[in-house]
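Note sheet for the following structure.
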Amino acid sequence: GAVATGQMVHAQAAPDPAITEMQPWQQYLGAGVDASPYGMPSPHEAHVIRRNVPWLTADSVSSINFTPLHELDGIITPNGLCFERHHSGVAEVDPGLHRLMINGLVDTPMVFTVEDIMRFPRENRTYFLECAANTGMEWRGAQLNGCQFTHGMIHNVVYTGVPLRLLLEEAGVRTNAAWILPEGADASGMTRSIPLEKALDDCLVATHMNGERLRAEQGYPMRLVVPGWEGNMWVKWLRRIEVGDQPWHHREETSKYTDLLEDGEARRFTWVMDAKSVITNPSPQAPILHGPGPTVITGVAWSGRGSIPRVDVSLDGGQNWNQARMSGPSFDKSMHRFYYEFDWDGSPLLLQSRAMDSTGYVQPTKDQLREIRGENSIYHNNSIQTWALSEDGTAENVEVG
Amino acid sequence: GAVATGQMVHAQAAPDPAITEMQPWQQYLGAGVDASPYGMPSPHEAHVIRRNVPWLTADSVSSINFTPLHELDGIITPNGLCFERHHSGVAEVDPGLHRLMINGLVDTPMVFTVEDIMRFPRENRTYFLECAANTGMEWRGAQLNGCQFTHGMIHNVVYTGVPLRLLLEEAGVRTNAAWILPEGADASGMTRSIPLEKALDDCLVATHMNGERLRAEQGYPMRLVVPGWEGNMWVKWLRRIEVGDQPWHHREETSKYTDLLEDGEARRFTWVMDAKSVITNPSPQAPILHGPGPTVITGVAWSGRGSIPRVDVSLDGGQNWNQARMSGPSFDKSMHRFYYEFDWDGSPLLLQSRAMDSTGYVQPTKDQLREIRGENSIYHNNSIQTWALSEDGTAENVEVG
Amino acid sequence: QEAAAPSREGGFGLGREALPEEVAAWDIDIRPDGEGLPVGSGDVWTGEELFVDYCSACHGDFGEAVGRWPVLAGGFGTLDGEDPVKTIGSYWPYLSTVWDYVHRAMPYGAAQSLSDDEVYAITAYLLYLNEVVDDDFVLSNETFADVEMPNEDAFFMDDRAEVELPLFTQEPCMTDCTDGPVEVTMNAMVLDVTPEEEGAGDDAAEAEEEAAPEDTGP
Amino acid sequence: QEAAAPSREGGFGLGREALPEEVAAWDIDIRPDGEGLPVGSGDVWTGEELFVDYCSACHGDFGEAVGRWPVLAGGFGTLDGEDPVKTIGSYWPYLSTVWDYVHRAMPYGAAQSLSDDEVYAITAYLLYLNEVVDDDFVLSNETFADVEMPNEDAFFMDDRAEVELPLFTQEPCMTDCTDGPVEVTMNAMVLDVTPEEEGAGDDAAEAEEEAAPEDTGP
């Protein structure tokens, strides 16, 4: 088709039967209001699901699946599509038997029921949760062909929760305290060391996500929210918080979630998620089907250090950049949506996006990161992603140089 | 139990077996990441559903169900729980066969496919949708015992959509145009007359809700968003927009959605939803189970004229008021969440909430409204709701005087 | 609030021109001034027969309704009473609405299955049931303009801005706002019409007759 | 951003004091300085037997791993190479982590089923497999402090603030940012390891051996 701004692209030879013939839904009654007490997406959207990569892990229980970013819009991830990462599967906790204990360097070790937690003042905050390993398979080169797989270890949710500070105040934190160790009730007994300063600053014990109670796979009946910091720290099925004066150096902060550099040394306690963005459409799973002409490029951006006032989009692999249009509310440590509308002339493009956060940090290229970190660090790959768009509208995960 | 601020309410005689005995989820593996490609709430939350009131309507197809407000928190209504109102059931539209036509007083009558719509610039906005009949069963007195039924014809959603303005510009609106008539593709062929000014101001043709594609029961593949105005105007399964110079006075704006006053005259075109609020917890379906002591009262408030900077809460049926704490983002024509934390002494209370919107409008009492409108107007009952809380923590829908 | 999504001078060139046959297929709306009405006609007696065949199962032979399906006729003089009965005759301001709605949405479950002449005839019968026309009346695109609906002048534009906003836009009272302590004057539990959370309690069904206010459906 | 939810002077009086038995039941964490270690002990040979019974099905008799389950031993000298093998011996900085993790989470599917002495023995065997101790070693709460893990000093605190932030906090280039047009240097489609949307394409499974980078699991 020819590019034609401001004039009709298609002319219709004969009347469209989708209009001139009566469709069944225009004539006959559909399902009633008692059919779906809890509703599900249209059957026409059955392909919009979390997907896993079987070869990544030894089994599907200690494993991960991925948010279908290329099927979503705006900044909210629907609960049914929030990626899952479990270390011993989904704990099906009975809320009546769930307890939250606070012990260690406190004046009074405490036990709270779920009902106790619901009697504290609560807050509502929107935060992204990104796994530190998101995009980890891409360090050595372009590997997975779809933003669901390259960037889908992230979700963005509105949480309702009690500030952890209020619970710690209830137990009375001793003056020599400096760290906390949240622990999960699942069979992996997930633990991470978190500085007390962060715990008292903006951490929440969340009971609700996107308006309803937490989903089982996201920690029902309660999870820790650690804004801007790597997802592994957001302990699910939170059952205990120990207060201490030193970090614990547990498995998930030594064997895992430490960043191995090229010389064999390793960074520990790399908590903050650096600013990052990705174009979700077009992308390998979401080709352009409409041919040349007006085209919407869209994607998401986020930073563990603040908000995202600006995203730039390149059509030529980073040689030249255009400022994108930000849309939707801009919250600290939350996902942001950007759009870049342009007329595609049908020629091949190398699509990139580049986030700039409220601290002025600019998302680096993969080569910039490799220069400092090598290719073995697994975690914290926040580099610029390239999709090669071909003439037929398909997109491929590539690296450029 | 005794009220005890700043000191332990309960002491535990013997160790709690929920702690000292190992629960199965602490030891054995749960479901893997391939178990729920599209996730659902915990089985322990199976009671959190939309409910209908069978005696309200002749059948369940042209009927309504209600959002379980008392089970939600924050401001987002999860898609699976957004109340439904259909006039001929849920239209199961095949998106490949869906068309949006614009005709009437335009330079070029147009046809758009869903794919065409996705090529226009889009916006992300959070709006409440309230049925004009919400709380309609309560005009003559306290009737339904639960905020799900008295106030649940409302949901609050983040929409992604194309400004209707852009689509109308594409067709070219003639200078004598003053109204539009959006029409649905369902078997009721839903139509409403909307002033062109509103259409060009903030109406959207939405394709996504809360991040994912619209649900079938909310108009998949596209619905009209008419911010702040009564829900019936938000035409679902939007298939056509006619532009004209006069309103159409169709069935839903004459027989229905006109407000009969006591003298037999009727207001027409009562589009804006007045400011309103309700306490969701405690409420008849959500009693206080924890006895006296620290208690969280929470609820929601909204206004079709702007945002809600302030909500007041009364414990004594409106004699005295306390300013509540607003929480979560404050958007124009969106739901707001409020909390009021206090120490309940266990005595009976008469709970009320009163919204004030950004224009200074203060939610009236039911008697104030009846004075002007009588008891027969069905629609637009935005009056103050009273719950009588008894000593045992149960709450009842009452009227006071 | 963010800036609005940008317009483009001359449009985006998206979509396509609708063909006249396509507009004709979907452009079914009728206005009070008759705009949209197709050429055609139907008389009261033909209308009665059609109504009995296609409509009376729900709306009753004379529009009096079966069970809780909508009442279509009668109700005169009830609008200012305790139990207003809003029908085509007692309430609807415009004839065009009847034609448009019956044609677009009825019979319920077989929308748009009636021919134009059938809709004219049924509409004529509905006018007859509502004492707006005599039994020899023939409704057509030409006689349409002769019919006046009895309640047309009872409708007026939303006046909340003038009548209500000044009253309700005042600094709210915070203390001692009532004449002493308030009392409960009415309880929902007395009515007992709320669906039960669990099981199939048939309280609600029983309560229907006594409690359900006529026409409070949304 | 809204104001934070308010604290209350002296607390809210919610929850209750935990009993010592309750804290004891859940307070299972171990620290590098040995805090949390129960009294107990176990030797390498006992550990070997337990390991073969409970662990080797996944981790192999010598910690070499079966299939894609985690490798627990060896990997010395690989950390600065192309394919680092991160094991207890080659990578883990603290012995306490082994005790804590095996006790809290292993065997996979039967967490916390091992006695304290069993955990001491298995941990001793894992140290032996990793050439940190000899075969006559007995690990106990008392010998614990004698063990030094080889790679402890390779860890340092996150230094992104000093090393990366200055580099990446500069005004971004908008035009002519590269030395002329850029070229594609690597394609994901060549690897073909992405799960197919429909059906059970076994490309991915085939590609596992060649493509899956060791230990890139999250």
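Remarks
Which chain is which? They are A, B, C and D, in the order written, and residues in each are numbered from 1.
The rule is simple: a residue touches a chain if its C-beta (ideal position, glycine included) is under 8 Å from a C-beta of that chain, and two chains touch if they have at least 3 such contacts.
Because the structure is a prediction, the values reported are computed rather than measured.
Omitting chain A while holding the rest fixed, one finds the remaining chains still held together by touching in one piece. Across A-D and B-D, it is A-D that has more C-beta pairs touching. Put simply, the C-alpha centre of chain C and that of chain D have 66 angstrom between them.
Mean C-alpha positions place chain A and chain D at a centre distance of 22 Å. Per-chain Cα centroids separate chain B from chain D by 47 Å.
Chain geometry summary: the mean Cα position of chain A and that of chain B are 28 Å apart. The multi-chain contact residues of chain C, meaning those touching 2 or more other chains, are 2, 5-6, 11-12, 14-17, 22, 26, 108-109, 111-112.
Counting partner chains per residue, chain B has residues 8, 12, 16, 19, 26-29, 51-52, 63-64, 85, 88, 101, 108, 111, 116, 119-124, 187, 189, 293-294, 325, 327-328, 331, 339, 341 touching two or more of them.
Taken chain by chain, the contacts fit none of the simple shapes, being neither an open path, a ring, a star, nor a full set of pairwise contacts. Interface note: chains touch in the pairs A-B, A-C, A-D, B-C, B-D.
For chain B in complex with chain C, the residues that touch the partner chain are 47, 51-58, 62-64, 85, 87-88, 101-104, 108-113, 116, 119-124, 131-134, 136-137, 139-146, 149, 153, 162-163, 165-166, 169-170, 172, 181, 183, 187-189, 191, 239-240, 242, 244, 246, 248-251, 254-255, 258, 260, 262-272, 274, 284-285, 312, 316-321, 331-332, 350, 354, 356, 359-364, 368, 372, 376, 378, 388, 396-401.
Per the touch definition, chain D reaches chain B in the complex via residues 2-3, 5-6, 8-17, 19, 21-22, 25-26, 108-113.
The touching residues of chain A, counted against chain C in their complex, run 4-12, 14-16, 19-20, 22, 26-29, 293-294, 325-328, 339, 341.
Remark: chain D residues 1-2, 4-7, 11-12, 14-18, 22-23, 26-33, 58, 67-70, 79-80, 84, 86, 88, 91-94, 96-97, 100-101, 104-105, 108-109, 111-112, 154-160, 163-165, 167-170, 172-178, 180-189, 191, 193-195, 197, 204-205, 207-208, 211-213, 215-218 touch chain A in the complex. Per the touch definition, chain B reaches chain A in the complex via residues 8, 12, 16, 18-19, 23, 25-45, 48-52, 59-61, 63-65, 71-82, 84-86, 88-95, 97-99, 101, 108, 111, 115-116, 118-126, 158-160, 185-187, 189, 207-208, 210-217, 220-221, 237, 289-290, 293-296, 325, 327-329, 331, 337, 339, 341.
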